């Protein structure tokens, strides 16, 4: 009953169709490689969902040869020098899962083919090399190492995922727990996928041998792959339809950008952009390349502002496609522990502040400037982003908006500093054990409240300012919670200063 | 503008239609019983929304006689021996609301018909006896009694819903509050619906007498009905369209599985499954029976994994339909206070642990094994669930996933134990009054923090592991909050040990 | 693949079309004014998104002259005496942005036209005077002044948005922060938009001068406009498509009614109404006027119950359209600090309780009755709302539902009173500094917990009762949190009574 345009009811006759893709017979004329055909002959029964999903993909319907003929602006492929034997057939199972055996330590013999389970950005680079190159420079592709090879951040991971035990009136943090790490932080950051042996499995085809993979399954953005590459394309471009529609929907990003540490999706969905997208995207075209603002979509999703190739109706460029998401970002709003200019290098493990800590700012907020982009580069990236805004908003509007964002970065950093100063008293008085007491920064009650100040509330507030989801900057984990945390830290500092009675004595 | 397949734009001509159900004239040829026709003649004005909704239902369009002719795999009806007089007409108002007078204490004379307001599973069993039988063995159908006839759980309900008063420097919990119970816990668990008298109502038809029903309205899964049955079909199969589409959408489950105690829907919507479903379900067929994986849907909703009859494109069975949701569950992830193997009997009021408490585990976590399924039965149910997973995922994938889930059950139970051990010190020292002090377990500040450890955070973490919504296992009510709660409990234990000054004395 | 009706698959042939609005060529025959045409000639390049969006609007497709010919029940325009020169052309840029220069202090010369950036309700009243008149009586239109001109509420704003600093062991609240206010509370409440000067901007047309506007951008419901009017239509009727569909979707309301202080959208989306809307609204008609219950929609969105003109299939009135949302509300569920009868006057700055505070109740809950509607008026408004309910629900159902809501208002007010009584002891003992100590009510740790009791948890519980989203009345910020907060306040009262050691002394 829904009608895309209210006056059009009378026109609802005999003109079109709602293509029933799933019900359509599969046109056997799409040229599949013999190897892929052999894969499918079993897997259509073994894993029917994947096969059906793939059949709906462009990979299954278009050969690279055809795709290469498209005009540049409409191309989804960026490779020009694809091995000729790959251009004639559609892109099927064998094309992605068998053609890189020397690189893949996870390759195993499977019905006569050298198959590897994990398809990596390096594999995708066969046809999409520009995207792979950009993504390698995207800080997201280093998310595993940036977290786990930073001593301080790894301490945070440990304080969350290891089991705490209580004995003799004290709590002790247990050993690092790799499985819990995979199941929590590394789910989004990416695991290390390595071959740990082989095992026999009884299948419908009899006994078969498969590699045992550590850290599998995983679709984290900074996954460390068995071919030595880092990253994954599948967090956004979901298997096996690899539809650009899925990546352009905000839900793709929500998988990792929804929690209280980085509630970007929630902020978006509480914004005008999110509200209009939710109400009207049934009438959008989320498939077309390039993406024409106003024609294919009105209200932007995450991709429109941060990643996609956007043009206007005249075909003029609004924004170039980038898989180096930092390209449109002047600031890293994510506070560690303060918001700071975007790091120059996607590998942030190299950063050291003046105090020698692996943090992009001092504990008191001053940026570790040599590792971060300078104001000129910040301006450039800000202007790139603003180019998208001005498709729909006046310069008055855009200037007012960015003024608020800058102010929010400053005030939230100040509120983090206030909380940190209370902690510094607590640490220096010894009522809480910190770095100088050879203890972690994240494992006591007050420390955990302090972490929430910057990791949850300051982050949420800045995202709310950036994307106009004001709730998340006030009562939904925003300024209210920042001011509350400061007062509660102060209350606890007073409590902690009181002499502690011996444990175990029954109260009178 | 949205197109199901990107290459199909050129084919958008003259082939199909978007059926405008709501605007279509009602085909008066659908054979309605005379009684139903009489109901509708008034109710089309009295409650037009219901009537219009019902007119869109299959109940209004198909007679049982026609439905019985379908091949078994396509049947939605499971009854074979339906009273002949019911098979010739469509299933209308009278068929559900008038035909069980002897059983229904809520039956009242209404325009010459014996009408009962509350339609129960026993009524639905006329045509759907297999589903009703399964649902009776589903733990959900006992949700009212399992909560309210368990002394400890009822104490929890009481501590939440009764009004707390503050007098003379102390808090006191008021009397049990049946209306607040109906409005909170029992909204999902189900109320007790009983006839409490009759009252005159002035209607467009003049004065009429209607029964006064306790606990009404309610669509809780374990509702205690005026015909003596337990449960309700309408929580998922919403009135009066009873569309399978509504039940297959994740929102149906979200009504009761969204809060911090059981954030299943939130976890799902942060998962890959949820993201892909949200982005692509506009192109799914959520109506067909059986439900063909890959053809009718790609990414599963709750129903696909837990309930629905799923087949593959060859018509091979992936999973049998079940309304005994426990059939596919090895564990009860919901901690009471620890996660434990699924109870054998849907009636959990019979469970006693070794300490004599009505809990499926000891306070220190050991399962009350005789009331719970054994490892062999757990394996069987796990394999049933994994059968759905393998429609789309390799055995490597599935094995890795379930290994994490098992680990998460173990570590979250350990974190619950840590918190419980702190409480045991608090209770034994008398700084918090527990069972041995003839006091509740859930009514003081520290106790409430302890409850959140298992009821919110451990539950959330396990659901996140089960459904790959990692946020809910880390920062969104997950492992972060578990470790924080442990430290905060310890802080409070220290505070509580300090001698308490007299109240009312002004501070110096 | 989705089919609106399951039996209709066979009918999916050659009957209709999915109108591809966006791809359709723009019919140049829609009569645009010469001024609008000139605007568009540049802005199609300068801000292509806006122009494309507007082209999909009814404003761009229908002239007021045509719209005036519609029968009254189908009219979206309420003005009868529109200046003749405005009726012949569609409603374009110039019609809204240039025709009120004398009133608009933000008017500036722009390519020969007197343009004003901010379109206000007074502008919209040219064609929609009834809606504008109603909205002026809607409490929402006063949201800025009601917040910022109430001394106590402004203190709350200040305690949230000003930066807190920590020096010498004490916290101090910084100066009022207008930019943070705009970015948080005033985002929804509305800013004060005033001309603060002019600035030169380099555009594709060369140097141009634009006014510098304070508080811009803003789409808050109570915005104070440069033409002296209060309010904005765009929070719900989003620019520049102004589609009624957007306003009828629940997401429109969610922008400001989602946070923990007023989680109306979250409650709705956890309710049966929300679940069915989410699952089935793809088949609704959210565009038609009037809105026919059962035909155009089944499950109501926010607008259906609170605002829209709803009729039944016979054309009988179910509810009149109102932009004075209070028309259907007996109570103001939003506690300040207690829920209370709806205020008589949308300007609530005039309210004083017996204690002289600008609050609609005493601190102990008794209503400031002379400023609030009386029980008779409450009954009238309740019956208006119930008229919508009875489109789909029996009188038994409706009576049971409203009984619970009334009970919830009473018990949540009691729980607020309990928390307030604990605070009154804290204030009178001087362990927390309150009004009698010339200090704020919202700036210390215990005070902030107390605020959450009424602003978050009591509000959430009442909304859950009103809209049947039970989770939000139990564990998701509901009764559980109310009872927990009471116990925690009591714990803190005991802690605060203990003598405070000197700061800065290291622990032994």
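First chain written, first letter: the chains are A, B and C, and each begins at residue 1.
FYI, contacts are C-beta pairs under 8 Å (C-beta built on N, C-alpha and C of every residue); 3 or more make two chains touch, one makes a residue touch a chain.
Predicted model only: the values in this text are computed from it and were never measured.
Two copies of one sequence, chain B and chain C, touch each other mainly through non-matching residues, since under half of the numbers at the interface are common to both. Per the C-alpha superposition, chain A sits rotated 120 degrees relative to chain C, a value rounded to a multiple of 5. Inter-chain centre distance (chain B to chain C, centres taken as mean C-alpha positions): 32 Å. Contact with two or more other chains is made by residues 1, 4, 12, 14-18, 20-23, 282-285, 296, 495-496, 498 of chain C. Those residues of chain C whose C-beta lies close enough to touch chain B in the complex are 1-8, 11-18, 20-23, 269-272, 274-276, 278-280, 282-285, 293-296, 298, 312-314, 316, 390-397, 400-401, 403-404, 407-408, 411, 414-415, 418, 421-422, 425, 429-431, 464-465, 468, 470-476, 478-480, 483-484, 486-488, 490-491, 493-499.
Residues 1, 4, 12, 14-23, 44-53, 56, 58, 61-62, 117, 159-161, 163-166, 169, 171, 177, 179-180, 182-185, 187-188, 201, 203, 210-213, 216-217, 219, 238, 241, 243-246, 249, 251-252, 254-256, 258-261, 281-288, 296, 443-446, 448, 455-456, 492, 495, 498, 500-501, 503-508 of chain A are the ones touching chain B in the complex.
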